[in-house]
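Lettered A, B, C and D in written order, each chain numbered from 1.
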């Protein structure tokens, strides 16, 4: 990996946090250390104005009405950003969290759609996040639509895909043309390497910059306060990326 | 009043309790001391098998999910009997808790329908209870239907009127013909005095007995344990009817 | 984040003309000190929503000329009888009443809480409540056969306003079993709360307290107001309703002059004290 | 009244073949000791409903051949990865999966809780979740204009089954903020609960405890089961998940033989201990 001693995770956290700055409330699902760290970074930079709910965390969970509250809260318009992934994601931003092949006799079966069949429709900024960027995961057409990327004009849909970030690049979303647009490539990647590893068609502008690295101040914040905060939720991640042991 | 030293309230409590015996769960609304005492009597006789929820009571309230729970509980089929009244009640068992005259510029306005627009439909045994039995209250046609006595066959209606008890008599409900049927007259009343004071048509069987008085055992239970229990909720009522002061 | 305000007037300033406001019943937590400040401001055209009924505070607001619409399942002073200013206003045709039945109010709020366009409910068919609500509709149950059911649109108040026992500095508000207050706060765009006491620490930190706490996420602004529900009581506290005062209100409010005297004595005249 | 039973087997006897059963997720209160007793009984054809997902206990029941239908938004062992017996059963076509999305499960349970025939919800349109659920329907929002919305029928489980920290002898069960357990109990016809401890007194008497308590009214039968959620933890207690054991489960359950060995060691072989 290039970019001196900056790690890929730090670039991702920095890039995602840039999409969260100024929001009132960011929710992060289970098993999402990078989005979680990005949300905590955005909160730190907001001086506390950005609220972060990390599902599965006792310390960062502001809910008291049971399992339904996250979805209610999103339906009320009180969640500005959320993260979704997919075993497959296709060029229409459809996501598949269910199965490969015939769903009744699948070749592979994943846990299931969780809340995606709702949250993808109602959260204004859904950031797609996939750390395996290959032709196996980013496909022409998903085998099962857990939630579609776009909807007919008469379907209530205040939410939808805002961007997709992978281990190789960042895509913007062109809502009018319902296509991904290559926004930047992470250090070490090229426009060509992205094309090689992507199974769907997308737009490529004339100029595709390299994804910016966090500046020294951001890195310091990330490796200090954010590392400590994320260690409470994801100690393994904090140790691996930031070399931090959770305090006993 | 006839019937030696038995009071009207005691006859009413005894009569109502007879309609509650064997039920699993009886709910009683606010400001309903006689139905409340009847429910507590049925509970005492059930050995605790009958559950009683008295709204507005801290001691006899088994709910923990806010104002909606009573209605949810009834909708789930978990409430077997409830009590409703009306400023007017008509011969079709329609009840009016809203107004007299044009509802937009009424001659009289009452508090409103409360939960009647739902509970009357879903609670199997709704006992109508009206302590003023006159042509002013028991009318040909109510001015405002808070809830109808009967519904079209395709309308979901597991509940409805089971009986009506007043200060003068007890009516049964003939569901097939959608009419009240005079069941018994309280001591001091006659078939004729009921006719004189009732504004709607109803059926009168060849034999109309006097409403039975509670036996000595029931009276003792009522004046002892039930009086004490009801005094926690309605101290004024317990004092007036049973001569009981609430313990400090 | 929840704004912590230090005066009732600052909180009252957020109650603007024409707002739709969810109100708890008398036995839940009524923000009466706040309502007195609102009346002193001279707010107009409020649309009150009783959850599912309201009492003294709504009657006071109606009498003071602050109310255009009363949407509720009932208005009552409980053992003190009919709500006199409500009754007078209805008979004079000076307010619009949208009569409801309790679970319909809850159904509308729950639809708003869920972000659903409407809830359906049983009951109501054949009633004049339904006949007079052109904002409710009868639809076919798609899972039934000729099975009509009433659709109640999401009820999204501009404001939920109530009084509670305690809050912390994060804006978390403890309401115990009075869950209708939580549904109100979830459903409303903004929520204004007065509390007996703002406590140190975090009400969400202890699992027992958390179970009865509305997260600050839903609380727009918060002020301390000692005995803020007076003359009503407050559940799960030592504050009980001042029945003598409520009886006096019921008596004085029977006439317009008597109500004016009540306002002068207990509302406009109380300004310095609150 | 709530029946207080003294053995898990007596409680397990109430779980009958073909029952539809609402299950909490791993992080809520899983009645795992009870499920082991149910597996020992050899119950068949259960219809599991994840509220809104399920994990270890559902996978165990599927592996043991107790399950016909899995209706859920997901099945996962969390950090231990895919649920191996669920995955194998789906690939073998030996269970029917009714895929959902979390708020649809909540919507169905809330309809049942409210006694409403269905709830409507946003989302879902255009998904294969919806395309494959012929028990859900798209209807027109009567308050909109060409505005489709999904109707989810009331989901009324035969049983809600979970483990909680404590209960009293009136059958009241304290669940704290795990309100999905309350919705499950309200929605289900019957509710079976195991608890760490049956306490003296009345959990409904203290307003703080009452706020997190399911009234006995909804609790059909109750038994004490110490560490009854093992190998899962239990919220608001000191019991944390036995991650070592769960990792061992995830490993052993990858193959049918390994799962059989797991059952023999930890389920059928545990009978004497429970």
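As a convention for this text, a residue touches a chain if its C-beta (ideal position, glycine included) is under 8 Å from a C-beta of that chain, and two chains touch if they have at least 3 such contacts.
Just so you know, these numbers come straight off a predicted model, no measurement behind them.
**Student:** Please indicate which chain is farthest from chain D, where distance is taken between mean Cα coordinates of the chains.
**Tutor:** B
**Student:** Could you tell me which pair, B-D or A-D, is linked by more C-beta pairs in contact?
**Tutor:** So, comparing the two chain pairs, more contacts are at A-D.
**Student:** For chain A and chain D, let me know how many angstrom lie between their CA-based centres, rounded off.
**Tutor:** Here chain A and chain D have centroids separated by 29 Å.
**Student:** If you average the CA atoms of chain C and of chain D, how far apart do the two points sit, in angstrom?
**Tutor:** That gives a centre separation of 36 Å.
**Student:** Using Cα averages as centroids, what's the distance between chain A and chain C in whole Å?
**Tutor:** So the centroids are 40 Å from each other.
**Student:** At least two partner chains per residue is the criterion; list those residues in chain C.
**Tutor:** Counting only residues that touch two or more other chains, chain C contributes 103, 110, 114-117, 121-122, 147, 149, 177, 182, 210-211.
**Student:** Touching at least two other chains at once: which residues of chain A meet that condition?
**Tutor:** In chain A, the residues touching two or more other chains are 63-65, 68, 71-72, 75, 122, 156.
**Student:** All pairs of touching chains, please: list them by chain label.
**Tutor:** All chain pairs meeting the touch criterion are A-C, A-D, B-C, B-D, C-D.
**Student:** Can you list the residues on chain C that touch chain B in the complex?
**Tutor:** Residues 25, 27-28, 51-53, 72-76, 78-79, 82-83, 86-87, 90-91, 93, 97, 99-104, 106, 110, 121-132, 146-149, 177-183 of chain C touch chain B in their complex.
**Student:** Tell me, which parts of chain C touch chain D in their complex?
**Tutor:** Listed in rising order, the residues of chain C that touch chain D are 103, 107, 110, 114-122, 137, 139, 141-144, 147, 149, 151, 153, 175-177, 207-212, 235-236.
**Student:** Looking at the complex, which residues from chain B come into contact with chain C?
**Tutor:** Residue positions touching the partner: 30-31, 56, 63-72, 75, 97-99, 103-122, 144-148, 151-152, 154-156.
**Student:** Over in the complex, which chain B residues touch chain D? Could you list them?
**Tutor:** 25, 48-49, 51, 62-65, 68, 71-78, 122, 156
**Student:** Enumerate the contact residues on chain C facing chain A in the complex.
**Tutor:** My answer: residues 1, 112-117, 182, 186-187, 204, 210-211, 213-218.
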